[in-house]
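See structure below.
Letters are used for the chains, namely A, B, C, D and E, taken in the order the chains are written, and counting of residues starts over at 1 for each.
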Amino acid sequence: MPVNYYIFVSIALFCIGVVGVLTRRNAIIVFMSIELMLNSVNLLLVAFSKMHYAISGGGESLKGIDGQLFVFFIMVVAAAEVSVGLAIIVMMYRNTHSADINFLNRLKH
Amino acid sequence: MGITQILFWFLTAVALGSALMVVLSKNPVYSVLFLIVAFFAISGHYILLNAQFLAIVNIIVYAGAIMVLFLFVIMLMNLSPESNIHKNKLIRFAGFIAGLCLFLVMVAALKDASTQKQLVETSGGNIGLIRYLGMTLFRQYVIPFELSSVLFLSAMVGAVVIGKKE
Amino acid sequence: MNAIIISAIWGVLMMFSGIFISRKSVIRNLAIAGVLLCLVFNIAEEHQFHLVSINTRNMLVFDSFGLLFNSIAFGATLIYLLLSARDMEKVGPNQAEYLALIFFVLTGISIASSFNTLLMLFLSIEIISIPLYILTGSDKRNLKGNEASLKYFLMGSFSTGIMLMGIALIYGATGSFAVENMARQINGFGPVMMAGLLLLLVAMSFKVSAAPFHFWTPDVYDGAPTVFTSFMATVVKAAVFIAFIRLFDAAYATDLAKWRLTIAVIITATLFIGNITAVFQQSVKRMLAYSSIAQAGFMFFALFGYNDIAREGIILYAAAYSLATIGIFAILIKMKDYTFDGYNGLAQREPLLAATNTIFLLSLAGIPATAGFFAKYYVLTAAVKNGSYLWLVIFAVLCAAVSVYYYFRVIQAMYFKAGEGSVTEASPAFKMMLVVTAGLIILLGLFPQLLTYHLYF
Amino acid sequence: MNQLVFLIPLFPLLGFLICGLLRNQLPKSVTGVLASVAVLASFVASLVIFLAIKSSGKPVTAELFDFISFGQVHIPFAFLVDQLTSLFLLIITGVGFLIHVYSASYMQEEEGPHFARYFAYLNLFVFSMLLLVLGANFVILFIGWEGVGLCSYLLIGFWFKNNDYNNAATKAFVMNRIGDLGFLLAIFYLLATTGSVNYADVFAPATVQRLQPATITIITLLLFVGATGKSAQIPLYTWLPDAMAGPTPVSALIHAATMVTAGIYMIARSNILFTMAPVTQAVVAITGLATAVLAATVALKQNDIKKVLAYSTVSQLGYMFLGLGVGAYTGAVFHVITHAFFKALLFLGAGSVIHAMHHEQDIRKMGGLRKALPVTHITFLVGCIAIAGIPPFSGFFSKDEILAAAFASNKVYWVIGAATAAITAFYMFRLYATTFLGKFRGSNDQEHHLHESPPAMTVPLVILAVLAAVGGFIGIPEAFASNSHWLEKFLEPVFAGSYAIAAKHDTVHPAASTEFVLVGVSVLLAVAAIAFAVTRFSRRPDLGEPEGAAKFLANKWYADEFYDGLVVKPVQGTGSFLDRVVEKSGIDWLVNGVGRSVQYSSRQLRLIQSGQVGSYVLLMIGGILVLFVIQFFLKK
Amino acid sequence: MIAVLLILIPLLGGFLLFAVKDEKTAKGMALLAATAVAALSVAGLTVMNNRASLNMDLEWLPMLNSRFHIGLDGMGQMLCLLTAVSFPLIFVATWHNTYKEAHRFYAFMLLSQAGLMGVFLAMDALLFYFFWELALIPVYFLSSIWGGEKRVAATFKFFIYTFVGSLLMLVGIIFIYFKAHQSFDLQSWYNLKLYPDTQNWLFWLMFIAFAIKMPVWPLHTWQPDAYEQSPTAVTIVMSGVMVKMGVFAVIRWLAPVVPDGFYLWGDTVSLLCITGIIYASLIAMRQDDLKRLIAYSSIAHMGLMCMALFASDKSGMQGVMFQMFSHGINIIGLWMVADAIEQKYGTRKMSALGGLATKDPALAILLVVVALANVALPLTNGFVGEFMMFNGIFSSAVTKYGVVDMAAAGVGIILSAVYTLTMIKKIFYGEGSKLTASGRPVAGTVLFSLAVIVAMIFVFGIYPKPMLQLTSDTVDSILKYMKTSI
């Protein structure tokens, strides 16, 4: 597979995520779109890792393994972020009974 | 065109389609479900790339744990699919345009990159296998591994601080 | 390494201290002791003393630059705690947890100042950010706090996404996350590398709140509990800048010419938006938020004119800016009214506070004989040194003149306007601390080499 | 000898300091005497010097210290006394002394401090005037030049409670300043071209030959501008009539005898330059003549006794400039001397009249004073005859010499000059007749209090009258008795250079026969004018309001109104305009505009901080796009 | 030794005064310190006039290669003398004025003196900039705290205005610093040869700061407001000494460093100056507020100095040097009178005054002398300075419009006479108003200071030689460095 395919696919996913962030008002969905962005990055990383593996000539070489490890770390971080993020959203929901990111708009100008 | 290609295109289509549905669907619950579908598709890609470990982790962590967490929260808030959950038309339109522009610009920027002729080793290659990953992780990447525990600690403390009722 | 280990351990310690210790003051002093310890051992490390010898597998490198900054960060935190730790009680009951989080942030900072792979950079940024999301929302009843923390979190993780995309592309181009590789294959796959670097630049600019990625700053700084605003506006921001500088050395600097215009644009936008918008603010807190954007614009000069003067400059800037801002916030926290009018006639009631506050403000404005002057001086010098873009420097100084406008509004309020401006309570110790801080600023304003000297020896 | 030179200005200076500083302590009698003695002392000193020079014939120089020096330029604070200077010294101190004495009783009404102030000013004036004539270079001359201007300012505004007087004083000072600017420019020109301002260097033939004719013309013209200011010539003459606001003795001393002749002195001093600049000479002559005519015509219709004298002064000064213009330097100086005598006399006489009339100056309210004031009457008459140029009185000789020279250089000059002389005779006797002849027209109590002035005032009158009568004999024309012109001989060394050049330009004195004819004509004209004036005004003095041409003359050709409209008003208008419009709502508005625009843009710019995550992210994406464009698609 | 003491005494004195609470003691100490400084500077001119005592060179910022290098040449001594003399006079003249928190007031006054001294002493560009700013801060506080009702706005305008200028100057300094191989040392700057086309813009980068300080038209609008609103003691410092900073800086830091730019823009600046002279004089004629009148007259005079400066001619420079001192002295005298009158009659409106000559002859006489010195009447110090400046402008080698310039500027002489005499007339002559009817003579302290000033006016007016010799060498060296790069 040409790596460009993967590049473009993940960019597409990434941009869809961005669009989600831009267009949705529900905090949770916005957050999910962000997760989507992260996943697109993961895909890209894996693709690249395999690419570098290919470049290095395949076989027993471990070239490109760090890419996959990075993905692992991204997942870790994502998990942490999710826990915090959802906590924040819940907290806000407790106070306002709304998950709308524009509901609270005291801070401006 | 070989099976790999077919799978690739199929998975891609699924991923992109469901991703779009995540953004478009009115009901948050649908969005979650579509997101899970998208994650599965991505995991499929991983398998296609012979990154088995990541594929499994992706399923377990993301599609499993994280998404379930999302679902719980949504249920807990029992958000009804109100129509006003969308921003007004103009902002939405602008949002789509912006996203499209970003896509086009990045593609335009990267299309004539010298990566064109670079191929991706599908199947084959054992860097995706858990033992090699494990070995590298605990040899090479032990420090980030340890330090990420700090991250978790802080996340934990944070969740407690914020979640705890007074 | 010492700093990372101790701060992490101390974070855990603070976590549990909340359970076992009931006396708030003890917890506070424990934290202060911890920071002191970090400071001491970090300085020790500068003199080649290591607690444990760990093979970092070249993921972290501890050079004089990073270590010196660590010292500054710990020093600033120390002063910050001494001045404002008491005020955390106002925020909520979980003082121990707040302090724990602050220690985790310090861990992140010490990583950021010594990362050597993008992975560590990413981790450090996250370790810094996540506790801050929480601290921002720590005042749970306060809707402003909620809003701020939600905005901060959403936009923060969005920028994380961008950063990761950038890192991924860089990885694609270089096949590794080690920063020295970036330098080696700066043109790996041409546009791929470039795009990666650009996205990384964007993400970092977001973290240091440079326009047009600054939008979170005013709202978050305004909405967060002032105690924590003080911390994130100073130490944290400086730390991210240090990380940025290190990244710059590694990658962008290798062919700076290609990046000059982009950075010039960012600087211009940042200076303009920061300074101009600050002029109209009515709340001092929000004004300081915008001013921190403006100051970021100046710190950016250190990246722009990349040379050893710039490194000295950013160190100096970090110190000067942190000290002054911490001082101002420490007084702001104690103010009854955060608007400019709240300061009216403060000089009559609290001459000492007014005087020290004036010194802090003068330092931010960059008046000679305060640390702020040399901070600005160094970064501008760095920019002038490489000849071109003099117009940018001139634009910057004009913006500095604008900044004088809003900084001096506070001075005018304190000294030249009659009013009821007063503080809740100001203990002698607090005042003493303020005087010390002001003294430090003056000292650095007269002899900056006290700090920069350590970069080389 | 040199010590004496220092002493001359020193005495008045001391007098000034003592009178000025101790004005509250010293009684009137002391100050009056002190001041007069100071002047007397320097008169004696001047006399000694004069005699010395007369005998030795070589000038005395004395240098005090280096005043200003930079680079190669050295401007010493030095004195030079030659024949010309010594003459002026005598006039200044002599006439000055008489006027001091006169003032001592004239100013009796003033109370102590002001009395002392008055004499302090007078002494200061004498000091500055002496400085003016003593200076060995143009800068010292300029110092005195401005000094006398200051004193005249102070003395015109002596009664400072009256704001009209203050305005007159200010006017005098400012007009002089305008002239001084020209003078200064001339000095700088000299410095730039000759590298020195010392007479010795500047007038040295070598230097003079080196200068371009054009340069000389410019320099002399600029010097002349200075002279017009000081000596009240067109266009800067209007201050002098107003200067009559000051006490009458001041008018006599400053605005008749001495200060106003400073211009003549200066030109006479630099005669060599003027002789080498025929253009300037023409300008000087014509200006002088024009001034003479204009002032004379105005004098015809003035009813203020001092105003008449003032305009006649301007007119006479015009004569002197005519003399200078046609190269009759001796004649000019001669006229300065005689004029000093008879004009001082006339002013003091007028003062005595005013004194008797209790500060009434309008001649229409006088008349028939000859009975009440016999001495004043006689002396005044002498003065009038002298100024009218009736032989053998002093005015005749000097005026005749100038006219003769004028004839030699240009017939037209002579015609106008002679006519003016006739007019002069006419208005002087109009004044005389309306004042002293006919019957008294003032109020009754004025009539009762009419009294001859005390001797302190009359004695100086008498002395001056004698001088005015016989003063002319120091310069009897060649035509009457060969080489009897003592003055010319005496001044020979000063003007030698000029005469040498003039000889080349063959401006020969007219033959004796023609000169007799000329004299005859002018005298006849004068006599006729006098006869008419006396018969006309002793019986029916014109008391009514003037109409037509008369009105035009009575209003001094509307010169003041002209200047007011042309200069004063516009300048003030511009001032206000700049102040209110350009400054406040122009420049300052712009400056503040910067601040305002910052405020405004701040108010607008903060709106993009809309507080909505969506729009923030949108803007961030926009930023990213821009950076991409810059980084990828711009940099090619 | 002396050099550093000139800065240290007022500096320490200032900080000490913050502690003193009692008003009388504060006054006394301030006067003491100021007098000590004056005595020192006089000593520097006479008994201790040697390099050792007048120079000091210490390590300061080794990494920036900037040293604490202070020293006094002729010009420096002259201006330090002016600074040193003016402060005691001010303190004496305003002895009876009362300020709230007087000790603070005097403290700031001394601090500003320290700043000014530093500016005149600095031999190192960075040090110079330091003091340049530091002189500003105390004055800012003085005016804003103790000034008139519109003080805050006016003073702030003044501050921002000058601050913008000095920031641009800072950029210039940094630029030259690199051109001079990373040195701030004055001498190395003098030896520097910059490309003419660099100098063209560099000139403005530096000059704007000085032009604002002087101020040169049209950058002058901060001045009348600031002078009007500040307490007179401060106004005296500003217009008597601070504005000289601009002229001084041009002579020491601009002309020899960027001579080509200096020559190139000379005519432009001269044109601005002429405009300023006439403009300010015309406006001064129409002022009714005494302080504003003096302010505008000061603008006119500074314009003339600046112009003479740009004639870059020996006599012109000498004149400027001399005039810096004379104008300092004279304007101080004028302000003192203005202050005395305001304190006594509570107004600065000249139309409300009048007839003071009868009420207070002593004041009248002294003022008349000062005023006449201000219009440069011979035998006053004003004449010497203006004579030489005009001569310099007239015979300037660098411009071909010397004559025109001089004539145009000469109009200023006439106008100055007009407004000065009008001022005297309105205040002192005439019948007097009901306001002045009750007037009694002003305090002896004022008269004393004025008397001292008048004495100086005559001394330097009649025998200017010492002062001229003092600055002669400086002028020669400056001109030398300017010549070498033509």
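Following the convention adopted for this analysis, contacts are C-beta pairs under 8 Å (C-beta built on N, C-alpha and C of every residue); 3 or more make two chains touch, one makes a residue touch a chain.
These figures come from a predicted structure and were not determined experimentally.
Peer 1: By that same contact rule, can you tell me which chains touch chain C and chain E alike?
Peer 2: Common contact partners of chain C and chain E, which must touch each of the two, are D.
Peer 1: Taking each chain's centre as the mean of its C-alpha atoms, which one ends up farthest from the centre of chain A?
Peer 2: When every chain centre is compared against chain A, the largest gap points to D.
Peer 1: Mind having a look at which chain is the central one, using mean CA positions?
Peer 2: The most central chain here turns out to be E.
Peer 1: If you tally the C-beta contacts for A-D and for A-B, which one comes out higher?
Peer 2: Of the two interfaces, A-D and A-B, more C-beta pairs touch across A-B.
Peer 1: Can you tell me which chain lies farthest from chain C, using the average of the Cα atoms as each chain's centre?
Peer 2: D
Peer 1: Express in whole angstrom the distance between the two chain centres, defined as the mean CA positions of chain B and chain C.
Peer 2: Roughly 32 Å separates the two chain centres.
Peer 1: What is the distance, in whole Å, between the centres of chain B and chain E, each centre taken as the mean of its C-alpha atoms?
Peer 2: 71
Peer 1: Could you tell me the distance, in whole angstrom, between the mean C-alpha positions of chain C and chain D?
Peer 2: 78
Peer 1: Need the CA-centroid distance for the pair chain D / chain E, whole Å please.
Peer 2: 37
Peer 1: Which chain E residues sit where two or more other chains touch them?
Peer 2: Residues 160 of chain E touch two or more partner chains.
Peer 1: Pull out every residue in chain D that's touching 2 or more other chains.
Peer 2: Within chain D, the residues that touch at least two other chains are 595, 606, 609, 611, 613-614, 617-618, 621-622, 624, 628, 632.
Peer 1: Residues of chain A touching 2+ other chains?
Peer 2: In chain A, the residues touching two or more other chains are 3, 7, 17-18, 21-23, 25, 30-31, 49, 51, 55, 63-64, 66, 73, 77, 80-81, 84, 87-89, 91, 101-102, 105-108.
Peer 1: Pull out all the chain pairs that touch, please.
Peer 2: A-B, A-C, A-D, B-C, B-D, C-D, C-E, D-E
Peer 1: Spell out the part of chain A that touches chain C in their complex, as residue ranges.
Peer 2: 3, 7, 10, 14, 17, 21, 27, 30-31, 34, 37-38, 40-41, 44-45, 48-49, 51-52, 55, 63-64, 66-67, 70, 73-74, 77, 80-81, 84-85, 87-89, 91-92, 94-96, 101, 104-108
Peer 1: Which residues, counting only chain C, touch chain D once they are in their complex?
Peer 2: 151, 154-155, 158, 162, 191, 194-195, 198-199, 201-202, 206, 211-213, 215-216, 218-219, 258-259, 261-262, 265-266, 273, 276-281, 402, 405
Peer 1: Provide the residue numbers of chain D that touch chain C in the complex, in ascending order.
Peer 2: 595, 598-599, 601-603, 605-606, 609, 611, 613, 616-617, 619-620, 622-624, 626-628, 630-632, 634-635
Peer 1: If you look only at chain E, which of its residues touch chain D in the complex?
Peer 2: Where chain E meets chain D, its residues are 157, 160-161, 218, 221-222, 279, 282-283, 285-287, 314-315, 318, 355, 357-358, 361, 372, 377-379, 383-384, 387-388, 390-391, 394-395, 403, 406-407, 410-411, 413-414, 417-418, 421-422, 425, 428-431, 463-465, 468, 472.
Peer 1: Touching residues of chain B toward chain D in the complex: what are they?
Peer 2: Against chain D, chain B makes touches at 87, 91, 94-95, 98-99, 101-102, 105-106, 108-109.
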